[in-house]
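Per-chain numbering from 1; labels A, B, C and D assigned in written order.
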């Protein structure tokens, strides 16, 4: 027994250390011992990685006193997410330690980096709603520090739009949580099982977590932020933190427990649109971070679709949950690898070598669904899911998936081309060592082979027919890309900071006239949003015209102030210029009342009055 | 009985006249006199009140005592009023007989 | 003379009278005579209070002569309260006057004049005290007339004491108005005597019955007393008289003298002729009171001189006393109004005396009383400023002052008797009061950066402490509210259960 | 027992007597004054802790002084009083430390600290008031005690602010008095221990009781800064920072909110409130205030003014919680916000004072990059601001959470919308400050910089906000523990049988 207790204690300690280590290190950043924290940056993620392998599922840490009672534990879903996240954070930390070493602000960077890490780990472990919310908030707000880290005008703008959306997400989540807690009669995640979820809550959750994963109307922050953050942080942002949104959906809308046709429609439509939209806009962007962000939007769109499919039925839900996790792992590894690679290559001197190109191509094609990569496995899983769900969503596997695959291929090729051209243009400090990148490449290529649970899908995906199914969109995409590049006049891609894409679009996209109009419309909306942001920033007092309007309103509404000012005049002894008339009247009346004749009259009058009144 | 009522009425008329003079005249001395006439009127009414119908016993002594007291009070008050009037005339630059009393509230200073 | 001998009742009259006469005789040490008299007065009132609580109301015929020819004194609850008020305020005023005159005499200019003023002040003040005490103790309406005249004479002389033209004119006017009032009252007395043939208050209460004679008598007496109480619109004489007098005199006039005539009025309306008063007349009183509250406050607000402001505030505060009229004699609200009047009178007496004392001290130090130049007085006169502010709290009727209790009772009776409009008047009055109080207080308490605005001349503590103590008494009157009520209640007249229990 | 009642008197005297002595102290007795102040604050805290323990174990503290029929001074400590009293005394201790540092070389300190002590005495007395009359008494005295503090600087703006303060509060006080008397004529003396008046009266005096409630609400609403009676509050921010802190977090505004709590829970009682259908009225009033205050705060560039409008908005959460009092959860939210808002707002004002005192910063536009110069101050400020927005694990979230649950339980969906909107608006005006302070680059030199040796500012200015900021986080993080504001509020609700 004692041994058992001891073991349990150790596991509990390990569990606590998962989020605790980064938090402790983050607080060290505020003390003179900040150098230690900077050195120990990777250590923070290692404890999480260890825990994800060692701590068994039954270990639960209950802290009833903490923040309306908290519970931490590591279930199967959490374990996968924790493992992947910890790995990505580890790589990001390793590359980040080198990259921001000579940055004067590196201490601040480390602090926010660690806090975001703690948030990310904590939310994976959280087994109660508020714990999830707490760590989610910690992660989201800390990531702001990463977004604005570079301190450029552009970074601040990105940070601002990031913050706006984070706030909207927080509020939506808050509302959703309140309603869920009310209907579930408990705060633990397991209380949610069997609870009917109001469609309104679904919408709120869609907004709250959708913002994190860049679901369609709420993706605006993503491209700017991905472009603005330093590459290591971007890897963490795109690889680990986006998953918090997916995990949130999985936690709060437990697939396999909930069926919601309306919800599935919402998720599938929004996801499908995002998948296409991300590709279309991404092709028109000229900076690597932005392009990757749109790729993320697109990929996350696909995952949203998977989630939506999971909402169509109970069995489908179970199925979809697994596919979703698989897809998420695949995307995280690939995307973080791309960012890490971009971080290595952005500041290189000289042209790219073959190896570099190959290193970029591996995760890129994996994203596109190249056979024998995790991408292919995931896409096959997606197809199985649509087959399982059946009509009306069967159409997705027939048209939607190949189209997105083609699009993704185009997009990643576009990305590689951009990276080739942006020699030494990004000022991200010194170039980081390639070690982390290489590790991530290994993970991309090996992960699915080492993951026992997905072997069925893997086997399935390497059947010959499937291989071709996965391959043709990539070939098509490659051919299209080649054709596009031939059509477009060769020109140096401008890579100066903050290019207003819409202004240069005509020169670049002459080959694709048919979507120029569409793009202009969409780009116009985005510009609009940006303009709005700029305006908001220029006036530190926000919404100036609105404020003017309010002030006018105040003047008319505030009749109480009118009373107050009258009293003020009274207080100043009525001597103000505008009230001389009243003052004069009062003085005169008082004088007249003092005349003997008037006194006599009032005396007699009152005498008579009293005489009669007394009767 | 009639005489008694006559006295009383007479006293009231005196009182009313004094009242009118007090309010209408601005001269200080006149005002003092008006007050005196008023008190005389009151005393007259009071004396009339002492009247007892024939055969109802002696005259009521209480009003007389009151009148005597009243006269004493009246005399002393008149003396004070006169002194004050003189003082007012001495110290103020106002021409009492013409303009009457003028107290300027706004400029009046305390101390 | 044992402690429960009825003879003690003459002490509040005799002692100040003798002291006053002695003050005429001796030129030196008059202050100590006055102080002694004030203390002895307080002591004898205390003994009377003790007797009263032990034995209840009493009557005393002077020299054994019975009414109607003799002079009889009576003592009941309201009397005791008024005597206490006079004695306590009187002691404070005596002490303050000492500080005031010695400060003035210490000034290099016009020493002789100031000395002369002091010499006349003491006997007149003691005579006034005598007259007031006698007034409160009188048991028949003619004696009330005599004491009223005594009050008038001494008060008018006091008002003229400052010697300035303005004050003499004001005093003369005051005297004339008072005479008119007294004569009017006397005529009413005559009517009463003609109608009923009695003068004694107790007997009158028994025989009084409604009729034209009583109507005329009461109308005349009321008008006379209203003139002396300076109820709007007959208040014209009060502000100049009170504002132009010397500070201790202002305190006496505003704090005590107006209460004398009001006391008579109140006794007549609610004790003697209560059964023959119609609601219309009471409402008329209320209307006049409303006028006084509003008009007095507005005039106070527009004054530029401190003492005039305080004087006008007296007019406004006196209005509250008349608001109580329509509320009394109506359902169970009546007793509340009774007590309200008692608290109002007491609190106003203390607070207003304190306020005039404070104003006088400020005038002495600043050399003027222009309100707009009073900024920062707290710096050199902290106690005085506090006294003024605390007295102001009373006038505003903020808790726990006596004014608050009075206003509470008035509000409560107006709401229980469904006459809510009076409560609107009361609230308006308090708000206006807060305006004129804070007009001054906010200046007194702001200490501007830079140089001090008034040179702090050394002065005796007597100049500051009496005002503060009186203001504190007014403030804490609310906390000792059960005791005045106990005194009122012991009387047969107010037999209601005003006490909240516990005592 | 009688000595238990005297404990309440001692609690009041522990700040009253030092206050009176301080008035008499000459200006230069710095040490004596400071130690008197701190001594008083410490003693008071000890007394209140003793009282809290006693209350927890069911002792009854009560002392009464009957004045006239129906008017009785009654001090009575129930758990609700203890909540407010503890908050006030803890924050008073911190504010005193802060004020000593803040006013180190300014004139008229005796004056200031004297009123400061009186103000706290009166606030605690409001907390301990056992009936409506006693509440009214101290409520009015609070006006008088705070007025000199507001005009302390003596500048024309301060005078104007003081004047407006008086106009509003005395007007409100008059209305309140009127309402109290009226209520008393109908229901008899209103004690805070009884759960409202007899339901029979609801039938007979419906209109009168509704009118009285509106009048009472107007009376306390002035101090609680309910729109449209809030006009004085933003102007009153011209007072020195410790005063603003006290005004916003402990004394005046809180007294008004506390009054609303008392009226709803004790004077009327929840049942009568719903019988009279008064809750919607309160809900609307507080919701309008929450949104309006936030919108006005958006427009401000002056930091303290912004904070003042934020107070307008935040204090109405308490009223909002009360307006949903059919649901215990919402009451928890409202009551706990009484404490939480105080903690957060006092932190913010301390920090604003630090900025003004150290760097001369009064405007938000001057705050760019200030966190580099004053990291601790801005860290505390950030915690306070995040708390206001309602980010977990700060205390602000706890209140909002319970309020939201309560609103839901009453099916008041639109209240949820108000909560969400207010959070967003709070974020709109607080987050730009935080980002510009932490991440923007300093553009101009600070308006009036003063250097201090070791720390970013005076130590006595630095410690209080840091402590309160830590409490803001810790009290939120351990909300569910045995000893926390939330736990005490649950205890209060048990006492009310909810």
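Keep in mind that, in the parts below, a residue touches a chain if its C-beta (ideal position, glycine included) is under 8 Å from a C-beta of that chain, and two chains touch if they have at least 3 such contacts.
Remember, it's a predicted structure, so these values are computed and weren't measured experimentally.
For the interfaces C-D and A-C, the C-beta contact count is higher for C-D.
Between chain C and chain D, the centres computed from C-alpha atoms are 42 Å apart. Once the centre of each chain is set as its mean CA position, chain A and chain C turn out to be 77 Å apart. Chain B and chain D have centres, each the mean of its CA atoms, that are 66 Å apart.
Per-chain CA centroids place chain B at a distance of 26 Å from chain C. Residue positions of chain D touching 2 or more other chains: 163. Within chain C, contacts with two or more other chains are made by residues 180, 304, 438. The set of chain B residues that touch two or more partner chains comprises 19, 22, 103, 105-106. Under the contact rule defined at the top, the touching pairs of chains are A-B, A-C, A-D, B-C, C-D.
By the touch criterion stated above, chain A contacts chain D in their complex at residues 30, 64-69, 130, 133-134, 137, 141, 144-145, 148, 151, 156, 159-160, 163, 167-168, 170-172, 174-175, 178-179, 181-182, 540-543, 547, 550-551, 557-558, 560-561, 564, 567-568, 571. Here chain C touches chain D in the complex through residues 339, 378, 382, 393, 396, 398-400, 404-405, 407-409, 411-412, 415-416, 423, 427, 430-431, 434, 438, 442, 445-449, 478-479, 481-482, 485, 497-503, going by the rule given at the top.
Interface residues of chain D facing chain A in the complex, by the touch rule stated above, are 163-164, 167-168, 228-229, 231, 295-296, 298-301, 364-365, 375, 379, 386, 389-393, 398, 400-401, 404-405, 407-409, 416, 419-420, 423-424, 427-429, 431-432, 435-436, 438-441, 476-482. Of all residues in chain A, only 567, 570-571, 573-575, 583, 586-587, 590, 593-595, 599, 602-603, 606-615 touch chain C in the complex they form. Contact residues of chain B toward chain A in the complex are 19-20, 22-24, 26, 100, 103, 105-106.
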